[in-house]
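One structure, pasted below without further comment.
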Amino acid sequence: MPDFPDRRSEMKTRTILILIALISFGLGVHADETSCEICHSKLKGRLSQPVTQWKNSIHQQNDINCANCHGGDPSAKNMKAAHSRSKGWIGKPGPIQIVKLCGTCHANESFMKKYDPNSRTDQLKNYMTSNHGINIMKKEDGRAATCASCHGAHDVLKAMNPRSHVYPENVVDTCAKCHGDKKLMAQFDISGDEVADYKSSVHATALYKKHDLSAPTCNDCHGNHGAAPPGAASVEKVCGTCHVMNQKLFDESPHKEWDEIGLRGCVECHSNHAIKPPTDAMLSTDKGVCLNCHDSTEPAFKTMEAMYKTLTGLETKLMETREMVNNAAEKGMLMDDAMLKLQDAKTAYIKSRTATHKFSSDYLDHIAKAALVDVTNIQKLAKERLMEVTKRRTSFYWFGGLFFILLILLGLKIRSMEK
Amino acid sequence: MDSSRRKFLNGLLGIFSLGGVAAVLSPLVHYLTPVKKQETAVSSVAAAKTNELTPNTAKLFKFGSKPGILIMTPGGDYRAFSAVCTHLGCTVQYSSAERHIWCACHNGHYDLNGNVISGPPPRPLEEYVCFVKGQEVYVKRREA
Amino acid sequence: MLKKINAWVEERLDLSTLRHLTLEKTVPKHRYTPLHLFGGVALFFFTVQIVTGILLLLYYKPTAGEAFKSVEFIVTQVPYGWLIRSIHSWSANLMILAIFIHMFAKYFLKAYRKPRELTWVSGFILLVLAMGFGFTGYLLPWNELAFFATGVGTESVAATPVIGHWLLLILRGGENVTGATLSRFFAIHVTVLPLVIIGILSIHLLLIQAQGMSKPIGIKEKGEIPFVPNFMLRDLMMWLGALIVLVGLATFFPWELGHAVDTFASAPAGIKPEWYFLSMYQTLKWMPPFFIGISGELIGITLISIAGALVLLVPFLDRKASREEKSPWFTIIGVLAIIFLIAITIYARFS
């Protein structure tokens, strides 16, 4: 600390210090800012955007900066020196370069472990097996997707960050950038309807309406880095990762050998992208999905008919019961216990619907029996309550009648008194 | 009006008045008679007797108008959850073999903290607080 | 025997008032006489409230944890518990309705004029107390609707200048509606209000007995009828009719129990107070947030207080009536007030 002789020189020193501070601030000389940032952030549009996007990215947070991918000299003071090829500057990397660049770090286990011990490093390996990877790396076809096509070039974020391009609720739109483009997809013999179909599906409803992040998006069935359509044999296993029970039953069913004749498991009845909430009508004798393969002479038709009857019968009964319970509740009876049992019946009903995947009417009837027992019990309870309502009302008629007569007698009494 | 008619009217009035008084009093007397089944004290629910469960078993109980599940873990402590599966609202059960909670409808599995292990459920089960008082295990909703 | 008992009592007490009441009291007979019966109807409902209220107390538990369950227990397990609870709720509403009819009947007959000013004033206080009963009782089942409606209702006292927040704290027993509020409302409902209302009601009835029924200005009398038994039997007929209607309503439209309070749940849509608070509720709702720097709520509460004060002071404002002259202006204002109250209540109910 210098020793200031008097107030005047102290003021002077202070002014100079403040000036220096102001100038350096104005120039943007900042300890950890590279010259790339300083210059590019002052440029317009396309040339400054990367800086803005990179800020707040996972790379920026971990001090991975421009030069780590683009090369060059981030400490150089002028443009030429900074963009020097001799310092490894590569400009905008091409598709193959991008994949390789990302791979230098992301396929390096010991490097990635420094940032996240659980980090996976198999993305590049998987990518090489995907249709995207084969097109880019083997066929050198730049139309396919690279790492940056999905993750963004500069605004790379962790997958579970809601602003990330690959966050569950965003991933469909990310894929749609290419797969929603019918012209582009036609070049690859892909219909291009998949995204629109998906958006009409029960899975999309779960994802977008209920914000249920466990609902499958594109990558949950197709894989992400190793993206490829699942083969016919693996469809039911893919669906089975979530719909375990259905898969188990299906495997016990006469349909278990479908893949041997080239049929695609679940997809044959439920379709693939546009999966709608299943209805009993899928088993109906006029437009059931079974009719796609079976005709009315086969025993399978009988099974379908029987299963349809059981399910719709159960559903009608359940609705009827719910109505009875609601009716009693509307008439002022507390029906909490019945509602609780109704919950059990609903469980049994949902189980019955799952049970159809064994394609055995006997098995379904066996499962549905539990629901029927529940329903009968609830109906009994609801009837008791409704009887109680009638009893109360009847009592009132007697009560009201008695008092009405008393009222009239009193009137007569008054008249006779005042006559 | 002759006195016999008047007497008749008074008689009728008397009889019906008695009837009226009886009609009012009888519900009151019934109301005052203590009920056998006494109500349980509750923001908490008595889910089970302490001797009811052995380690690695569970039982369902009524929590409001919804089912709850009380589990005695293999380690011997009590855990309670809402028994309504977060997938489609089926009632879950305890699987002693797998030592965790299981929903039979679509094979959803939850661990003993209510978190989803596998299957379609999107969210964990709501966990309740358990405590033992006397011979009963009580369950109540978690305070914020 | 009767005579002996009579004499025994007479020796110790002066029974002249009672004798006057039973033997000499008369009611003027004219075409508006039936309008006098509504006070009796209100009194009947009040008696029903006392009886059913005491019965409910036998099973009700005034704590946040147990209140709802205990009411649920009453309506599901206790024999005729559903009836008692439903009657208590219905009777409360019918009582307030009867008081309103009674009040307007007396208003249009100008029965408040000299010398019955105090009867009117005490009657008005009884109306306010009855509404207090309604407000505090509404919360006691500790169901969702009551919980949130009480939150809104108590919030409006906070607009009172200077002591508003303090009042709110006193009323709620804390910053929010909690179990403490329930305890306070319970105490007010079953001890404070009953004590006060019985005091005021005694004054009200005593004044009526002392002064007799008023005669409308310029109405031709068709003589007098004795209070006992002729008028009393008419009262009795009204009560029997009221009882039939009450039990019928309670049977066919059992009062809803709703859902237990879940303090973490967000308020259900369309929270509205009981019908007799709707006009005030709507007035407050219509106020702008601020008007020349004063909060709209305060203006609303001031307006309501002024309206209340005007009703309270009617006997002193209507100078003409006190000189036994007709006061058509007051009749017109009364009609307008009825139309306004009904219209605003219907609007608030269905908006």
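Think of it as A, B and C in the order they're written, each chain with its own count starting at 1.
Following the convention adopted for this analysis, a residue touches a chain if its C-beta (ideal position, glycine included) is under 8 Å from a C-beta of that chain, and two chains touch if they have at least 3 such contacts.
Predicted, not measured: the structure shown is a model, and the values here were computed from it.
Undergrad: Based on Cα centres, what is the most central chain?
TA: Smallest centre-to-centre distance to the global C-alpha mean: chain B.
Undergrad: Which pair wins on C-beta contacts, A-C or A-B?
TA: Between A-C and A-B, the larger count of C-beta pairs in contact belongs to A-B.
Undergrad: Roughly how many whole angstrom separate the Cα centroids of chain A and chain B?
TA: 35
Undergrad: Could you put a whole-Å number on the gap between the CA centroids of chain A and chain C?
TA: Using C-alpha averages as centres, the distance is 56 Å.
Undergrad: Two or more other chains touching the same residue: where does that happen in chain B?
TA: In chain B, residues 20, 64 touch at least two other chains, as defined above.
Undergrad: Going through chain A residue by residue, note those that touch at least 2 other chains and give them in order.
TA: Correct list: 399, 403, 406, 410, 413.
Undergrad: Residues touching two or more other chains, restricted to chain C: which are they?
TA: Residues 83, 240 of chain C each touch two or more of the other chains.
Undergrad: Touching residues of chain B toward chain C in the complex: what are they?
TA: 20, 27-28, 30-33, 35, 37, 39-44, 64, 144
Undergrad: Would you mind writing out the residues of chain A in touch with chain C in their complex?
TA: 331-332, 334, 392-393, 395-396, 399-400, 403-404, 406-407, 410-411, 413-414, 417-418
Undergrad: Quick check on the complex: what are the chain B residues that touch chain A?
TA: Of all residues in chain B, those touching chain A are 1, 5-6, 9-10, 12-13, 16-17, 19-20, 23, 62, 64-67, 84, 88-91, 104-107, 116, 118-122.
Undergrad: Which residues of chain C touch chain B once you look at their complex with the stated criterion?
TA: 55, 58, 64-66, 69-70, 73, 77-81, 83-84, 240, 260, 264
Undergrad: Which chain A residues qualify as touching chain B in the complex?
TA: For chain A paired with chain B, touching residues are 206, 210, 212-215, 242-246, 248, 336-337, 339-340, 343-344, 346-347, 350-351, 354, 398-399, 402-403, 405-406, 409-410, 412-413, 416, 419.
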